[in-house]
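Next come two complexes built around chain A: one with chain B, the other with chain C.
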Partner chain A sequence: MQVSLRPSAPSFSPRLAFAAGLVGLFVAVPLIYIFVRALGADPADWQRLLQTRLWTLLGNTLRLAAAVTAGTLVLGVGLAFLTERTDLPGRAFFRWALALPLAIPPYIGAIIHLALMRPRGGVLPQALESWLGYAVPLPSPLGFWGAAFVLTLFTYPYVYLLSGAAFRSLHASLEESARTLGRSPLQTFWQVTLPVLRPGLLAGALLVSLDILAEYGTVALLRYETFSSAIFVQLSGRYDRSAAAVLSGVLVTLAMLMLWGEVRAQGQARFTQMEGGWRPAAPVALGRWRLPALMGALAVSAASLFVPLGVLTAWSVQAFADADITAAVFRTGSQGFGNFALNSLWTALLAAVLAVLLSLPVALFARRSPGRFSHFLARLCQVGYAIPGVVIALSLVLLVNRFLPFLYGTPLVVVMAYVLRHMPQAVRASQSALSILSPTLEEAARTLGRTGAQTVLQVTLPLILPGLLAGGALVFLTSLKELPATLLLRPAGFDTLAVRVWMWATDGFYLQAAPAALFLVLISIAPLAFLLRREQMFR
Partner chain B sequence: MIALSLRHVSKRFARNAQPAVNDLSFDLPAGQILALVGPSGCGKTTTLRLIAGLERPDRGEIFINGRLMASPQVFVPPERRGVGMVFQDHALFPHLTVFENVAFGLRGKPRAQVRETVNTLLEMVGLQALAGRYPHALSGGERQRVALARALAPRPVLVLMDEPFSSLDADMRLEMREQVRGILKEMGATVVFVTHDQEEALFMGDCLAVFNSGRMEQIGAPEAIFHTSATRFVAEFMGDSDFLPGVAVEGGIHTPLGALFQRHPLPAGTPVEVALRADDVDFVPAAENANAVIVERFFRGAFHVYRLRLDSGEVMHAFKAHTLVLPAGARVQARISAEHPLMVFPKGQ
Partner chain C sequence: MFKTISFLFLTTTLFLSACAPVSTPQVRQPEAPAHTPTSPEPTAALAETPAAAPVSGRLVIYSGRSEALIQPVLDAFRALYPDVEIALKAGSNSEIANALLEEQGNPQADVFLTTEIFTAQKLSESGVLAPYTSPLVDQLPADLRSPDGTWVALTRRARVIMYNTDLVSPDELPASIFDLTDPKWKGQVAAAGSTNGSLQAQIAVMRQLYGEEVTENWLSGLIANQVTFFGGHTDVRKAVAAGEFKLGLVNHYYYHLQLAESSPVGVIYPDQGEGQKGVITNATAAGLIRGGANPRAAQAFLDFLLSPEGQRLFAEQNYEYPVVPGIPVREGVRPLDEVRLAAFNLAEVVKDFDATFDLIEKVGLP
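Moving on to the complex of A and B:
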């Protein structure tokens, strides 16, 4: 069968190009502004930072990113191999259990592991001491190793899902032909399977690194200083915008390098993608490794899903058993739980709708008029990945203050930050939805009497709607979990669930924070489950 | 009446040095099926897309029913050309049912009329029972017929078909092309049909146009294309011909298989090639005076095809009745057995 996937006739629509250009401008301005401010900062500030903090911060940030990336690769690829390619008992259960930690923001995970393991006053050390009668030194969740541990536990699902999908889409015949060419199963894994998956895994690992660069809540809570937390302190505590701009400039440069690598790896991954004629490879028999593998998978899902959910539930029950705490949960000043939930939902929902709408002209333009300019615009819309929440916040504080003062102090600035930060997810979703649409469908509509605009409305949009919904769900999910930009940009008294959980927990009111955290996790599961159901792995 | 007319149409894609379609002109009378045939990349699909309005020509004019559709100054978009197109991948809208797909081109008509038209067409292609199904629940042949019904529903001036059978299994393909040809003839449709399969082109076309690297080599009735190929390429592509080198002499051609007596316009001494099909060559087993050796034998049921290597080096094919079986390596005496004039091309053409 010979099907040509030629792009439809290049047709340049000035209106579409203009709309896509506007979107590109919108996403580029905050980035450019950060660089302008960083380069325009007082040389004395640069001097001071270069002599004091910059190198420590750079070292800290890179060390953490490297450790977490390595950890997520080992956990993610290993667990994906276990659930997709072996006879591990309970694979269907583990597929869900190992993916669902994505619904738990890492800082909530950090709160729980901190409460459990804290050297003084942690639940586990106390329990052990009262049971044994003397103090047992346990590994501390604070500092570098603590941060690396917690972040690995709550970000490995990215790599797990990517490699799981890759394991499943890999043609069995590829590995079978390696076997017939004289390779043992282990040699086949190292010489065929991994090299084929490598570009996809590299892209996943770089996305994890970008996430770690942007992470604020976890590292702040576990007292490990990175660029993001240092910028946050400059912005909120000392209010030194010049120093913040310098640090942001360096951080964004670092992130842009990683993003460049990620986009390249994505491109290569596309070439090695396997399509059609899929047939499952025979599962590897684990033999005597079955029990250790099962224990490992159980331990990971316990630490990243069941323990956090259990602790949050237990705390919530305790909170509701206490009338004072219940009252505090539902009313803090003039605001209550309902307000927080509503604020979270409408800002995330609005951000999702806006991000998808803005991604459409860019994706359509890149598809209709393939060329340098449209390609550049699509790439430009990826920069949100490389601008951590604190940097978006800094940029928007400065920009909105100066050019859109009427927006300053409204929740719309928060929504704008979400859209800018999560635009890449929407653009990628729209582009991939369009890319699997055969161009002949649009051409058929044209030969059946529809104009270009009518074709988009009657054929293109209905067909890419599921893909757009997935993009929207992803933006919604990540916006719900967003913390640093919300903390810095929200108007006084405008609290989301994430903000409230954070404030209560950092003040030590764990029981009070638990119901909000549990609710946040539960409403995150809905879009996540929708996204997972679209994956072949979960059918 | 001329339904479709192309005048010196050229199209070159950016980044390609060679034009995809080069100075193409032809007329197609109404009610005829024109098959565009040629190897892949020869420009036949581009020609179809130019006619549909899915590509813009760089030069030349395209007329449909006498109306100018495309020229360097004019470009009528596909939705206003009144053409129906059947795509290679069928391009059925997956979010619409069979009925809705066929009705898609009937917008703006009264509802009762739409229902009647769609039902008539579905009956014609034998798919009435599946009107409520979605495309993913159809077999390849059913999709093919829905695509045809959808293209025919708005009563297009011109039906364009881009390798419509290429996604079907071999036996389904034979069945479908008979059905589809029957339907098109019953409707009296004017059709441009693209295929890379010469047998399909011979079957479908009232008229054939053979394409090679962006140019039309020959247009004409299937028999004419087959028996009096205008160029060596046409003879090779349409007829599975072998080419025997020779030299033109007065009143004939001198070849390694002996003299060929037929009239030709070439000056004496011109190096030529004679196109020979397997039924034009015969041989007898011979110990003496042998001029060829059997390389391989292919069993074809009622007859055998033998591949011969002449002592002069050329490879020829010959049909033989199934009663004669000779092993590879046997020496034979081959000769030209054709009793009709053979096609002769100056060498290097």
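Moving on to the complex of A and C:
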């Protein structure tokens, strides 16, 4: 029942290596920028930086990354267990409700939780105070715990989906054998279930923690300072891009350590199984835990999906009830709502297509010629995730101006930033799509006289297309939400939905921002639904 | 479900493409061969005959001032020069300044509007700005314009303390910015953080007014007093209005903007007593970008900003202090000539701005 796919005999194609190398060069653009700028830093600068709050902020970042990763693991695995392996009522409903928060950008979630919960100023504390007559201390969405809470709420679906899929594909007989061999249910979980879940969990945890490293907007809203804040301090006022680059280098190093750690932790273990013999494991009866479990799942989906959607809808209704606000929503300066919604769509779509196309040579190369260089390239494509959007944006400003000046000042630079930032998702999707493809198929094509390129076009591509589409949908989804790089790189007069939401919300015009935010969430649901439909658990 | 969603998705996309203006992705063509816009052509802006010379084409404006505040000014300018097509990029003052520094070899913008003078000075020193002396500049005091003509101040702001009138009674109000370090206000004060240009400028001015040590003690005192530092002043004013904090250190117009929302807020112009050094002011500024594609329109725009109409718009829309003498402040705004103003030499302050950041980093201001 455990079948390990035989990797095809390593074959080295110079053309493929060259293409993959070019992609590697492209994704290394921010790294080159950081390197060049950091080298340009005055040694006195380094001295100066060491005297800043570097260590405190680094500690803050690591603490937050650890807390959010732990939170998402507990929430993600726990909820996936509930919906996949127990008799929780309404499982079909919860599968969707627990995955859909991915469509809500964390900064929008933060704005909503702030509006509802902030101490004294929030809707809930004020309502309670006017009802009871005295102030009730409520948990605050601010500071370390607030930031950890909000970020966990809007990132746990990554882990939920990955572990849900793993629970789902887990062969019943594995756990049954463990039980037959005398393991207790708990021992079975630790010794059999968890190891099988491990690859998915590690991938999810890595995604979450890399994201937190680069996080700035949401934590700034929630008044928690991370290492990105230190980078922003160097950029503002001093305009010291060298110092900012030195600090970004620290983040890149951290990201590389995490990626290396993931490789080590994944080890050589591969778990694949034949589809044929699969049957679902018997659901665990929750018994008297049924009600608490139901309440828990309800609470999570309320806080991460229904409340945000409800607030956005209520605000939008209020906005449309006011003629002035409606006018402002639909026309800002020379631009209308349709214009920036369209901008969002076409840039994200183009980025998705490009990211998938660029990920192909890297993934193919890593599969055909497994080796240090090809794996290095595949890993390199994932570092971009940990670099703050502003630094990616500034690196593109410099390098595009130097080498492709005609492109600068066009929306294509925004698309390039999306591709750079979201390459990790495309590469991962392409790699996993390729990994389930049996090499014998390609070998058969070669034996029948097809050339390498023909094999890719006629055999490989059609077979991995669904996986590629999934990668594209993920890039599309995250590009729609992208903010920091878009803010800086967009040509004058070019706005996207995310930019509009941010501009209005930071000026305090929440009602005006709400329709754009709601629309952003709704169009994000389309690619998300496509992704979910592919998963066994949503069929 | 999926079919319905994809159908909705498709139809909205189609709908949006149908109602969006045709010219979405515009590749910007250089409209004129690169040249330095120093030629003293007679510009359209000799205030009396604004629309005399044809000013047209695309005018790209980068703004550190928020879009909501600058849009009415742009609309008024468009009304005067209908042939000009305006493209605005508004954002964080410092981020845009960084972008301007990185895109220096391939300039995209024609004009940059900043939220304080130090950014303009820094860009001027780095060669990003082009000199232009508007015929209207003569009316301004010498310290509100760059000696080499690369930037000019547009409006002034006073650094004031706003308070929540429900939470603070008139007899306990602070009278000086130094009162903010009084333990009595511990945890009750909100301010903008170290990435905010207005606070940076205030610290720079304080170093000159009070000396390094006093300023350092003040900053450490704020941190020790658990002042909450926000990214910007909009958050500060809203938090004070909501009663989350009793006091907020802001630019004066944030008080007026909050008051316009009928919030329970009041304002103090600090350090007004005998022997005190007066309220600190700062200024927004504008400059033309060297190598900008449309210097004619840029010059006309700058002239418009300094014209009575432009100045009045800033005063009326955003409660700011016009730099051009004779333009009244908006009703309810305390005129600056009734206020004891801190006297400092801006040119000197600008010079050691680096030392200000050393201080900010030394005390570890968030």
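Everything that follows uses one rule, which is that the second predicted complex is superposed on the first by the 463 of 539 C-alpha atoms of A that agree within 3 Å, B and C clash if a C-alpha of one lies under 4 Å from a C-alpha of the other, contacts with A are read in each partner's own complex, and residues count from 1 in each chain.
The working rule: a contact is a pair of C-beta atoms (placed from the backbone, for glycine too) under 8 Å apart; a residue touches a chain by one contact, two chains touch by 3 or more.
Only a predicted model underlies this, so the values are computations on that prediction, with no experimental measurement involved.
**Q** Considering only the touch criterion stated at the top, classify A:Asp45 as touching first (chain B), second (chain C), both, or neither.
**A** neither
**Q** One more residue to check, A:Ala529. First (chain B), second (chain C), both or neither?
**A** second
**Q** Does chain C touch more residues of chain A than chain B does, or is it the other way round?
**A** When the residues of chain A touched by each partner are counted, C comes out ahead.
**Q** In the superposed arrangement, which partner chain does A:Asn339 touch: chain B (first), chain C (second), both, or neither?
**A** second
**Q** If you stack the two complexes on chain A, which partner ends up touching A:Glu176: first (chain B), second (chain C), both, or neither?
**A** Neither chain B nor chain C is touched by A:Glu176.
**Q** If we overlay the two complexes on their shared chain A, which of chain B and chain C does A:Asp87 touch? Say first, second, both or neither.
**A** Neither partner.
**Q** Would you pull the chain C residues touching chain A in the complex into a rising list?
**A** 1-2, 5-6, 8-9, 12-13, 15-17, 19-21, 24-28, 60-62, 66-68, 71, 74-75, 85-99, 101-103, 105-106, 108-109, 118, 122, 194-197, 200, 228, 230-232, 234, 238-239, 242-244, 353-354, 356-358, 360-362, 364, 366
**Q** Report the residues of chain B in contact with chain A in the complex, numbered from low to high.
**A** 45, 49, 52-56, 77-81, 83-85, 87-89, 91, 93-95, 104-105, 107, 150-151, 154, 160, 163, 166-167
**Q** Which residues of chain A touch chain B in the complex?
**A** 1-4, 8-9, 438, 440-441, 443-452, 459, 462-463
**Q** If you look only at chain A, which of its residues touch chain C in the complex?
**A** The touching residues are 48, 51-53, 56, 118-121, 220-221, 223, 225, 229, 232-233, 235-239, 241, 332-336, 338-339, 341-343, 345-346, 390, 393-394, 397-398, 401-402, 405, 408-411, 487-488, 490-493, 503, 506-509, 522-523, 525-526, 529-530, 533.
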